[in-house]
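Pasting the structures here.
Shared between the two complexes below is chain A, which has chain B as its partner in the first and chain C in the second.
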Partner chain A sequence: MEWMYLVPALPFLGALILILFSGKIGKPGVIAVGCGSIGLAALVTIVAGWQFMQSGVPAFSQHLWEWLRVGDFSIGVNLRLDALSLSFAFVITFVGWLIHIYSTGYMSDDPDFARFFACMNLFVGSMLMLVLADNLLLMYLGWEGVGLCSYLLIGFWYKAPENGAAARKAFIVTRVGDTAMAIALFLLVQHTGSLQLSVVLERAQSLWAAGDPTVVWIAFLLLGGAVGKSAQLPLQTWLPDAMAGPTPVSALIHAATMVTAGVYLIARTNVIFSLAPAAQTAVAITGAVTLLLAGFSAWVQTDIKRVLAYSTISQIGYMFLALGVGAWSAAIFHFITHAFFKALLFLGAGAVIHALHHEQDMFKMGGLRKSLPGVFLVFLIGSLSLAAIPFISSGWYSKDQIIWLAGTAAGGRPVYAFAAVLGAFITAAYTTRMMLLVFFGKEQTHVHHKPGPEMMVPLYVLAVCSTLAGFLELPHTLGHFTWLSDFLQPVLPEVVTQHASVAAEWGLQTITAGLAALAIYITWRLLNAPFPKEAGAFLKSGWGFDAAYDVLFVQPFVRIARLNRKDIIDNVYTGLAAITRGLHRMMSATQSGIIRWYVLGVVMGAVLILSVIIWRHSM
Partner chain B sequence: MILLAFILFPLAGAFLAWASAAVNATLPRWIALLVMLAGLVLAVGIWVQPEPASLAGADWRYVYHQPWMPRFGVSLSLAIDGLSLLMIVLTFFLGAMAVLVSWNEIRDRTGFYYFNLLFVLGGIAGVFLVMDLFLFYFFWEVMLIPMYFLIGIWGHGRRLYASLKFFLFTQAGGLLMLLSILGLYFVHGASTGNYTFSYAELLQTPMEQGIGRWLMLGFMAAFLVKLPAFPFHTWLPDAHTEAPTAGSVILAGLLLKTGAYGILRFVLPLFPEACHAFAQVFMLLGAIGILYGGQLAYAQTDFKRLVAYTSVSHMGFVLVGAFAFNELAYQGVVMQMITHGISTGALFMIAGVLYERLHTRELEKMGGLWAALPGLGAITMVFVMASLGLPGLGNFIAEFLILAGSWQASPWITVLAATGLVVATVYSLRIMQKVFFGISLREFRLKDMTVREAVMLLPLVIAIIWLGLFPQRVIDTASKAAPVVAFQYKDN
Partner chain C sequence: MINATTAGLVLAGVLFTLGLISMLIRRNIIFMLVSVEIMLNAAGLAFIVAASRWGQPEGQVMFMFILAMAAAEVSVGLALILQLYHQLKSLDSDEASRMRG
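And now, the complex of A and B:
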């Protein structure tokens, strides 16, 4: 465990080497450094994790150096390994490593190969910093660091202006959330005098009673940060556009890891959310609404990556719903399975896009079942998980747990369970639609070249993980195996259920499975049925959020900028100068050299002064 | 004596450089560089020495005191504490960079150019060191006139307009400060019978509320213009844009800091009551400056003008932090003075490097330069990120400390100031997009950084990352300074 610092340090070191020496080490060198650093980090994580589990301590922390200390306020660059950070660190390094290997094939023709791997390494390092940080300021460093890498990688192909626009949008929209989070940190500094997680959470419990306005404010502001990074309502608009980046980026950053940072933050600060019931309810409602809105939008997309993007927003909505009802470990369970199957789906989509020469429109695909059988197989496995097909897919185990707990956990309500079930129905529908359009039907675009082993092997590994990860937890109906929740127990409180009967759970599972089957059937029958055009366009644009924000924020800002380019304040000073100059002209005009004007002036002045004196005396 | 060297080196070097131009036109730049490096070595030497044991009051590391005009209570009194030491290090560091950026840019009247450059730097060093208000005003003016020449002679297009505007604004503020200094002199003399300009003694002036407030406003007039704070900022975009690169670097990196330094050194300790009374007003001005400057930065199409308005925005943080009256915010302000000097100085240097290649500052005429200039692009990315306050870089430490401190003084103004972080993201990313990304308008055949350019930019990159990851060294140094003593006194 003493080597824990290497977990974030190795990717940072890799990035540094790639930035400084990319020209000198050649392409094999770039691959060795880029993939090697992440592979080693994954190895260290596994060893450290093994030691951690053997040791039986609830948390291990490592002090690296003192970052800043002002008076009594002190922040260290300290890392913390516990069940929660270990779960995240494992997924980040392991999935990240597979995606790096895949990228060596996907990006092999790109002239900026080294820059790509430098940014990817930097990203993994920042993300690890985020989850391993022992205090909120260091977490904020990772938090903003992943924002930066997201910006760099979305705009990776910088020559197209629309990629740049998407990159800036991602950075700016998430920065809105980050600013809310920063204000939460100011409040915590003011009231607890610290930002160290253990201290903050401990003092929060003694400082505030449940529902205290201060802690509610803090929780809402943290939620603001979380919805920004995790692309939840109302800051979800950046994620679909983020698909402008290379597909491995979408897999790593915009599906498997970075966008779950908000989930991590809320789970990490669960004590604060427990003290703020209003905010926790808001988390649940955000999740429920987001999962439905994004699900409907995914249903009408034509670009395969945008389907997956909206489905990511929707799946993270499930995680938020779980957090909101107090089913903390269920959210983490869904994070793990989602990381595997969504990375699988994105990389599978990438293989398709790569094979079809950067074609992303699903209506120009079709029939790829025969020409890309390997990709079809793994994509099918991923889709089963996404659609939560019972028993054989990991997605079912995790999503079913959320659906069940949405109704029965301490903060659960029937309406949440209803939203979750409806969401599962839509998910099955859009997943089926995607499968049918891409892999069935008539072939429309010819396959240029098939993906090589460096792309296929990571896909197979992810396919295996997408299936096996589900067995970390089994529902009551299937033997009630709770390894993951037990493991997370020291960090995340146990889920409290209201009224749990196994029969009811059976019933709910049957209904959900039935609805999924129905969704598949309907989609299959109505694949090419006409859809109301306006409604379709509205859903496709993501419920008009972009247009609304454009009118409300972007346009006014740009218009004021355009109007006030010359700085209106300056007119005060140039006006002052103009008045002075005008007075000067007037005065110099009186100096005409004509004696009778001067005499007249003296006489008028004398009369005026005398009149005033007389008038004042007579008062 | 060592303190006198910080002022005399540049001033003597200035005359030497001027004279040496008669021998060889390239000699002045070598003299200037050597003088700056010597000063830097000396300043860093003081910094790395073990710190003296903390004294009861502000602990001055070195004091130099020589009576000059005892009849009027004027003395040649210099002293250095943590705050001045950091500013002196910054002065000579950026001064050396300013010489390097001028290396090839200035070919005309090099002797007189380096004379002015060194004279400005000597004046700045004086401002950071003197502990006598008469001399403070003297050095305040010494900074002004050579800068006027630098802009007016070696500047770009509208240089005469810009230099005159700079002069008038600063002079108007300076005269109000002179009135206040004289007012303070007489108030102190009348009540104690001891007529003196000595900073240490004036600190003990018994002050009536009304008079104290007016005197404070007189000082603030000079410092708000220099900072610059909204709405006294309009001289800055013109001066920055038209100045030669070194002039912009010194303006942004150092001259603006004298305003911040003045607030910390003089206004807060001399007029604590008046400052508390006006704190909300000044903090609000700062927050408005952050947003207004950011908005205007976004609107600009001239690279240097854009960076100039980002200065207005960033110096707004200084004003917010200075009037928050706590140590967190104070440390943030000192950090902001240093990091803004480095990051904005670097952005102006980058503008200069681009100008030498493209002969334009228009953003609309750039674009897609990454392919041709990846090295410069990567360095620009670092400073663009610094400007938007990315953690890991020094500016984040500064802004976080300022806002965390000002939150405790005024949450609503802090919220306003914090939205500046979003605005900063908007204008900062626009720089990258307009210059390095997007479609290139023409085939650029450009040379990436030369060795000289790398030598002047890389130390700044290292400095800004070092300040972001290991800021404690600076914080420790800055904590041994007069304002901190004042805050601690207030807390008790």
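And now, the complex of A and C:
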């Protein structure tokens, strides 16, 4: 466990080497450094995690050095390993490593190969910093670091202006949430006098009673940060546009890891949310509404990556719903399975896009079942997980747990469970639609070239993980195996259920499975059925949020900026310049070139000086 | 009764004022040079008068300096006037007013 500092340090070191020496080490060197650093970090994580589990301590923290000290207030660069950070660190390094290996194939023709891996390594390092940080300020450093890398990688192909615009949008929209989070940190420092996680959470419990306005404010501001990063309502608009980046980036940053940082934040500060019931209800409502809205939007997209983007928003909505009802470990469980199957789906989509020479429109695909059988197989496994097909997919185990707990956990309500079930129905529908459009039907675009082993092997590994990760937890109906919840027990509060009847759970599972089957059947029968055009366009645009924000925020801002085009404050400085110029004009007028005037000037000056001297002497 | 010192200083002041006025009103550049000479000599006269009043030799030394300086000034001034005349074909100082701020 003493080697824990290597986990974030190795990717940072890799990024540094790639930034400084990418020209000298050549392409094999870039691959060795880029993938090797993440692979080693994954190895260290597994070893450290194994030792941590053997040791049985609830949390292990490592002090590296003191970052800053102001009076009694000190921030150290401290790392903290506990069940929650270990779960995240494992997913980040392991899935990140697979995606890096895949990228060596996907990006092999790109002229900026080294820049890509430098940014990816920097991202993994920042993300590990985020989850391993022992205090909130260090976490905020990682939080901003991943935001920066997200910006750099969305705009990776910066020569197309729309990619730059998408990158800016992602950066600015998440910045709204980050500002809220920064204010929350200020309030925490003001009231608890510390940013150390353990201290803050301990003092919060003794400082505030449940429902105290201060803690509710803090919780809401933290939620603001979380919705920004995790692309939840109302800050979800950046994620679909973020698909402008290369597909491995979408898989790593915008599906598996960075967008779940909000889930991590809320799970990490669960004490504060437990003290603020209003904020926790808001978390649940945000999740429930987001998962439905995004699910419906995913249903009508034509771009395969946008389907997956909306699907990611929707699945993170499930995690928020779980957090909101108090099913903390269920959210983390869904995070783990989602990281595997969504990374698999994105990478699979990337393989398809790569094979069809950067074609992303699903209506121009079709019939790829025969030409890309390997990709079809893994994509099918991923889709089964996403659509939550019972027993054989990991997505079912995690989503089923959330659906069940949405209704029965301490903060659960039937309406949440209803939203979750409806969301599962929509998920199955859009997943089936995507499968049918891409892999079945008539072949429309010829396969350009088949993905090589460096792309297929990570896909197979992820496919296996997508299936096996579900067995970390089994529902009451299937033996009630709770390894992950038990593991997370020291960090996250136990899930309190209102009333648990196994028969009701059977019933809910049957309904969910039946609805999923129904969704698949309906989609299969009505794939090409006409859809109301206006409604389709409305859903496709993501419920008009972009247009509304444009009218509400962007345009007024642009108008104000236009009004103040000649900066008002600048007038002081331009005025100063104008006065100087006027004086200069007066002085230059005296340079007439007529020598007698100069002489007169000298005489007047002499007379003046003499008068003054005489006047002073006569006094 | 006006003593010699007062008379000498008044003469020097009158000479200096005459030179100054002619400097201001003349446009012919040679006359302006002559006016400068008059003013220099007025200043020299004031030195001599002061030296004889206090019986000190420094006044005469200063006059020597002024003479030497005036000689140098005239030679440089005449050279400049010659050049100016070549350029402008005129001795009017206002002709040489091409500089405008």
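General observations
Rule of thumb we're sticking to: the second predicted complex is superposed on the first by the 567 of 619 C-alpha atoms of A that agree within 3 Å, B and C clash if a C-alpha of one lies under 4 Å from a C-alpha of the other, contacts with A are read in each partner's own complex, and residues count from 1 in each chain.
Just so we're on the same page, a contact is a pair of C-beta atoms (placed from the backbone, for glycine too) under 8 Å apart; a residue touches a chain by one contact, two chains touch by 3 or more.
It should be emphasised that the depicted structure is a prediction, and the values quoted were computed from it without experimental measurement.
By the touch criterion stated above, A:F471 is placed in contact with neither chain B nor chain C. When the two structures are aligned on the shared chain, A:I560 is found in touch with chain B, with no touch to chain C.
In the superposed three-chain model, the partner touching more residues of chain A is B, compared with the other of chain B and chain C. In the superposition on chain A, A:W483 makes contact with neither chain B nor chain C. Within the superposed three-chain model, A:F531 lies out of touch with both chain B and chain C [touch as defined at top]. Once the two complexes are laid over each other on the shared chain, residue contacts for A:F363 go to neither chain B nor chain C. Judged by the touch definition given at the top, the superposed model places A:Q190 against chain B, while chain C stays out of reach. In the overlay built on the shared chain, the residue A:Q591 is in contact with chain C alone; chain B does not reach it.
Residue overlap on chain A between its contacts with chain B in one complex and with chain C in the other: absent. Against chain B, the residues of chain A that register as touching in their complex are 19, 65-71, 73, 77, 115, 137, 140-141, 143-145, 148, 151, 155, 158-159, 161, 164, 167-168, 171-172, 175-176, 178-179, 182-183, 185-187, 189-190, 557, 560-562, 564-565, 567, 569-570, 572-573. Of all the residues in chain A, the ones that touch chain C in their complex are 585, 588-589, 591-596, 599-600, 603. Residue ranges on chain C touching chain A, taken from their complex, read 20, 23-25, 27, 32, 93-94, 96-101.
Residues of chain B that touch chain A in their complex: 165, 169, 230-231, 233-234, 237, 292, 295-296, 298-301, 327-328, 331, 368, 370, 374, 378, 385, 388, 390-392, 396-397, 400-401, 403-404, 407-408, 414-415, 418-419, 421-422, 425-426, 429-430, 433, 436-440, 469-472, 475, 479.
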